[in-house]
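Same chain, two partners: chain A is paired with chain B first, then with chain C.
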Partner chain A sequence: MIESISNLWSIPLLVIIPMLTAIIVNFLYDKAIKPIAISSAIIILIISIISPYGYHWFCGHPALNPETLTFTFNPNIFGYKLSLEFIFGPLQHIMIFISSLILLFCVILSTIGLTKHQGPYIALLFLLFMSSAIVIMVNDLYHLWIAVEIGSLIVVGIAAASGTSISHKAALKYGLFSAISGAGLAVSLALVLGLTGFSNISDAIMYLKQFGIGEMSTVLYIAFGFFVLSWMYAGGLAPIHPLKSEVYGASYPHGTALLQAQSKLMLVAIGIIMLRLFGMLPFVKEVMIFLSVITMMIGVIMALIQIDFRWIIAYLIISHSGFVTLGIGLGTQEGLIGGIFQAVNDIIYMTILLLCCEALFYFGGKTSTKEAYDIAKKSPFIATATILGAIAASGIPPFNGFQSEIILIQACLKEGLPEIAVLILMVSVTTFIALLRGIYRIFLKPPELQDQDNSNVDLPKVLIIGIIIFIILSIIIGIYPDIVLRFIIPVVKEVLSI
Partner chain B sequence: MEELKGKRGIIALIALIIITIGLLSSLEKLTGRVNPGISEVYNALAYLVAPNNLATWVYDWRGFDTLIETAVIYVGGLVSALVIGRGVVQMKKCKQESPVTSKPLEFRVESLTVILEYLGIPAAILLISYGIMIVTGSSTSGGGGFQCGVIMTSAYLLAAILYGKNNPIKFGKRFIIGIGAIGLGGYALLGLPGYLATGYWQYNIGADVWSLVPSILHTIFGDPFRLSLILKEGVFYSTPGIVPLINIAEAFNVIGAIGLIYFAFLYGWSDEGE
Partner chain C sequence: MTSTETFYEKLKKWLDNFITGSGYTNITTGYITGELQFLVFIIILSVFFRLFSVPLAIILLIFITAFALYFAPVIKDVEKENMNDLNRVLYWMVIYFAIIIAITLWGG
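And then the complex of A and B:
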């Protein structure tokens, strides 16, 4: 249960520490980046683990009780909030914990594996975490928009950081189109604000419930339309998927791990807000389900035709985003649980695959199935880990992907949508085929020329530790799903009760 | 624009028409029916903080919003410079394509007229002075840190355009990055006193609207900016508290961010000397 505290200590720290770290490492550029960045990432991880639940009303203004016209700092007493409200509950706990774990490994890998002058890049990693944390914690439409805006800009920076022509193209394309999405979210916010007068999401919903929308439903539909646009851009849903998949494919794999975590957080956060705000309108859920199904199918088909392992993963991330949004779009208890659980699982198993992909850079940087051969001989560990990651991503027990996909299938069957349940199965099988194709060519296929370099490569220990930790997490959640579900179920019940 | 030709272009056009019609009809429906909601409460309480209601909204009621918005400007500068070449990173262990670089702009100042040559510097100095005036009076006037930052960087750009690379207001890259760091870092840290005193990040302990802090803190952060408002109803005292300080931090941040973008585009980027 969320405690009735409106000044929870941890919430500002989860935003301010990454921001200050980003400022410092960007300024220092080279000197002392490593200890500062790693210690900050560890502190953030610790805060995300030990933080109690509660609210934070930024700037310390109370809520106004409309009946008694008195001000209160007690979040349990209803009132229209004057402050900007953030929530740290079970959902935020699990999501921010996983993101901060990925952040820690990303930061260490950057300081070890990248050339000098990493300051701006590491600053962007911290800012990306900050924007993700804000998106998942904030209960305010206006601030959500700002967080999505800053998140989009950071995505551009992370993609462009390698300085290659492909990454520049992907980054600038995404930057250009995300400006449209950001503007769309701003328009949506303006319409909801015009209708209700409140940017606090709970207050706006309360107002809509109390006073109804009457003839203004058209306005709410238009607001929903713009919200969907932003949801598509933020999460890379079809038909906008090429923009996001290009960003995933063009970034360094560890950066992509953090980017995909951010996308999943955005999909969950914005999806839940859409359900809460617009769920009462007819056809809203149908639109969400339709987009999800299209994304699942297009993503996996595109993954099948890729010849680069990075791009295979990039399109699979897109495809599996469809699982997340499908669950949320169903709007039922099982669907929501399955969707959010899938987001958590997806972040974990995609991180395994992306860290394995990062390892390929240490074997010469070739990730194309036409250029890289026989890596299994050079590193049986990476080959095994990649296969385990692929099994997890394909929803095969005892890994975590299985648990969330089975919940999603059950949710679809319960809603009378057996065709979508079959589609989930088909996407899972196709995921396995797409990954296995890449794995065979890169890890198992013997070299065509005999003069291939067979010298041993020392992989960074932290990379190996990271892969092992995420595999263990995947197996533990696969065997004991309650470890994660106990965080998700109360949130889903609360969302549905509203 | 090639991608918008053919079927895609037609689909995009139809989508644009639908969106435009939907948006216009929504705005028409909302005309005269916009719900004031929480803004009525904000306005009713505004007199307790800065005389400039806008400054109170932006830096007090919604002060944390503005911090993250300010961070957007900072990130904009960071990413723009990165695209030009600052902080481009490559994997140590593998060969990659050489980073895309962009050449600095060519400066041709030979054709500068005598009038521009002699008036350019005074104009730039006037712009800087105007920026300082705006930011120092931000809690009582309509201006603020953002405007100050934009005006000051305009002076920087003006000097660069008129006098070329060796202009009189040439800031070094470390200096510009440092200005931005002081700005955003300063703004973020101005939330700390309120956090330590009340548990609420960025509570304006100088204004102390809700009487949450000891009077000594209220005095320390409030008195330097206390104003007496002489109105026909009588004389009222109010203080914007930390709002003027936030405005100054905001100005630094904007100068740093926009200055960095100008610098990167004007001079290109070389990691030497960093």
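And then the complex of A and C:
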């Protein structure tokens, strides 16, 4: 990582540009929204690609190297930074790049597909991206809480924006729970702050490891419990999964693509913080693994019994979140690499499936397996893309899902947990079954009535381009996983070395 | 114990109560696959308890398998407990939170 004690220019831009764009498009009408929103999304994407690595501090100072008497960011050199800080490193680079790519397609699709309330909806998309970017970059307790709170509220807004009664109910329920989990996270952070005296997460971890907390460990356990609560809520882990899947199923599919990306980012960011803060306590990893396994299992079983393609995908997103948290919960190098890699892959292949689901809206808006028929005849491209997305999601080579799942399975076997390795395999197979049930009914099954409309529909070019880009990304990462792993491995080593 | 045939009949009867029309076969397939997957999942999870004690894992394996088969189809109860009712989610969240706090404090 390049060491620089000056604040990095790109970090505030990644936060302020989406915020300013949200404010501006919220007040604009019709034709003015599209160019501003799309150009802002492109700028964000470019920044996420070209940005160097570094920090942005609101106060504090780097650690002092006792040998050279110079400031350093080397995590192995002890020193309290006392800062509220944002970090842009390799992990943030890959995660924010993928999210900003999805943001770009979401914004373009919403300018094409939405006729009413376009401005406020696009504003919410930008704010959702902003909360994701903050949560993955943040390294202090105050900003973490703010990012989770803002993210939760924006999820409510995006769910409600699709305008159906189901989406309004989903938004209301999710909003009510945000009060509980947000307060829980605040309590947890307050306890950690009270125990250590540091708001900077790295400082707090260093303090805990250096001095310990002795009899105050009970307080740290309580903080862990509340932290888990917000982790479950932000990522939609069991038992919050019915509410989160309802949000996924009720939102527009392109909105869900961004929502699930934000959810994965939160799972990774909060999960790593939990592992660093509480990893030394007994039973912490076991609790994280238990939550992950239950989520994997319940999510995929619920996906099997759904009759709507959107809901099948919604529950599969939940189930595959369990893969991410399982890897982090294992706490080993392979586990962490597998978990974070799975998050990146999951975002990509679920986006393929969700964009295909968005395409179904152009064929009459029916996504239920009881109502939609024979779409493959009308659009062979969408049918093929959906099948490829399903193959990627099921962890079949040469797609990206295979690479991360094999790392996770190896990590479980190395830890002496063959049962969990078997469960991962079972979830992959069941994912394939659940998706193929929907794909057969919607894309391949001939219509039961002869008077079905067989007219061709022109899909937006950007939708087709988006699907192709994400399929290519999936295959490239599947064949050359090092493209992503070279961002993840140094971060994991750094996390485990502290 | 419930044989596979009886289990299928029970599931079909239960589904008949609220599902009619063309989606029937498709839904039945999903429910039966879900039921079997759930059974295998909990069997594997019970084996997982070997980490704490091997006899405990054996006892759990036998009891969980017997209970799951006796009360089959359990998928309907799984579905009921996974409904998005606010009170049900809140109930499970409190139970989870209590378990997490209890286990971690006990572990400490």
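Going forward, the second predicted complex is superposed on the first by the 466 of 498 C-alpha atoms of A that agree within 3 Å, B and C clash if a C-alpha of one lies under 4 Å from a C-alpha of the other, contacts with A are read in each partner's own complex, and residues count from 1 in each chain.
Convention: a residue touches a chain if its C-beta (ideal position, glycine included) is under 8 Å from a C-beta of that chain, and two chains touch if they have at least 3 such contacts.
In this text, all values refer to a predicted model and were calculated from it rather than measured experimentally.
With both structures placed on the common chain, the touch criterion links A:Ile42 to neither chain B nor chain C. Contacts of A:Ile305 after superposition: chain C is touched, whereas chain B is not reached. In the superposition on chain A, A:Arg441 makes contact with chain C only, while chain B stays out of contact range.
In the superposed model, A:Gly225 makes contact with both chain B and chain C. By the touch criterion stated above, A:Thr369 is placed in contact with chain C alone, chain B being left untouched. In the superposed pair of complexes, A:Thr430 makes contact with chain C only, with no contact to chain B. In the superposition on chain A, no contact is made by A:Met206 with either chain B or chain C.
When both complexes are overlaid on chain A, the residue A:Val422 reaches chain C alone and has no touch with chain B. Common to the chain B and chain C interfaces on chain A are residues 218, 221-222, 225. Interface residues of chain A, counted against chain B in their complex, comprise 6-7, 9, 11-12, 16, 19-20, 23-24, 26-27, 29-30, 56-62, 64, 71, 80-84, 110, 113-115, 117-121, 123-124, 127, 130, 134, 140, 142-143, 146-147, 149-150, 153-154, 156-157, 160-165, 168, 171-172, 187, 191, 193-200, 203, 207, 215-216, 218-219, 221-223, 225, 252, 361-362, 364-366, 457.
Against chain A, the residues of chain C that register as touching in their complex are 21-23, 26-27, 29-31, 33-34, 37-38, 40-41, 44-45, 47-48, 75, 78-79, 82-84, 86, 88-89, 92-93, 95-97, 100-101, 103-108. If you check the complex, the residues on chain B that touch chain A are 19, 22-23, 25-26, 29-30, 33-39, 41-42, 45, 60-65, 68-69, 71-72, 74-76, 78-79, 81-83, 85-101, 177-178, 181, 184-185, 188-189, 191, 194-195, 198-204, 209-210, 212, 271, 274. Every residue of chain A that touches chain C in the complex is listed here, in rising order: 170, 173, 176-177, 180, 217-218, 221-222, 224-225, 228-229, 232, 238-243, 245-246, 281-284, 286-287, 291, 293, 297-298, 300-302, 304-307, 369-370, 417, 419-420, 422-423, 426, 430, 433-434, 437, 441, 448.
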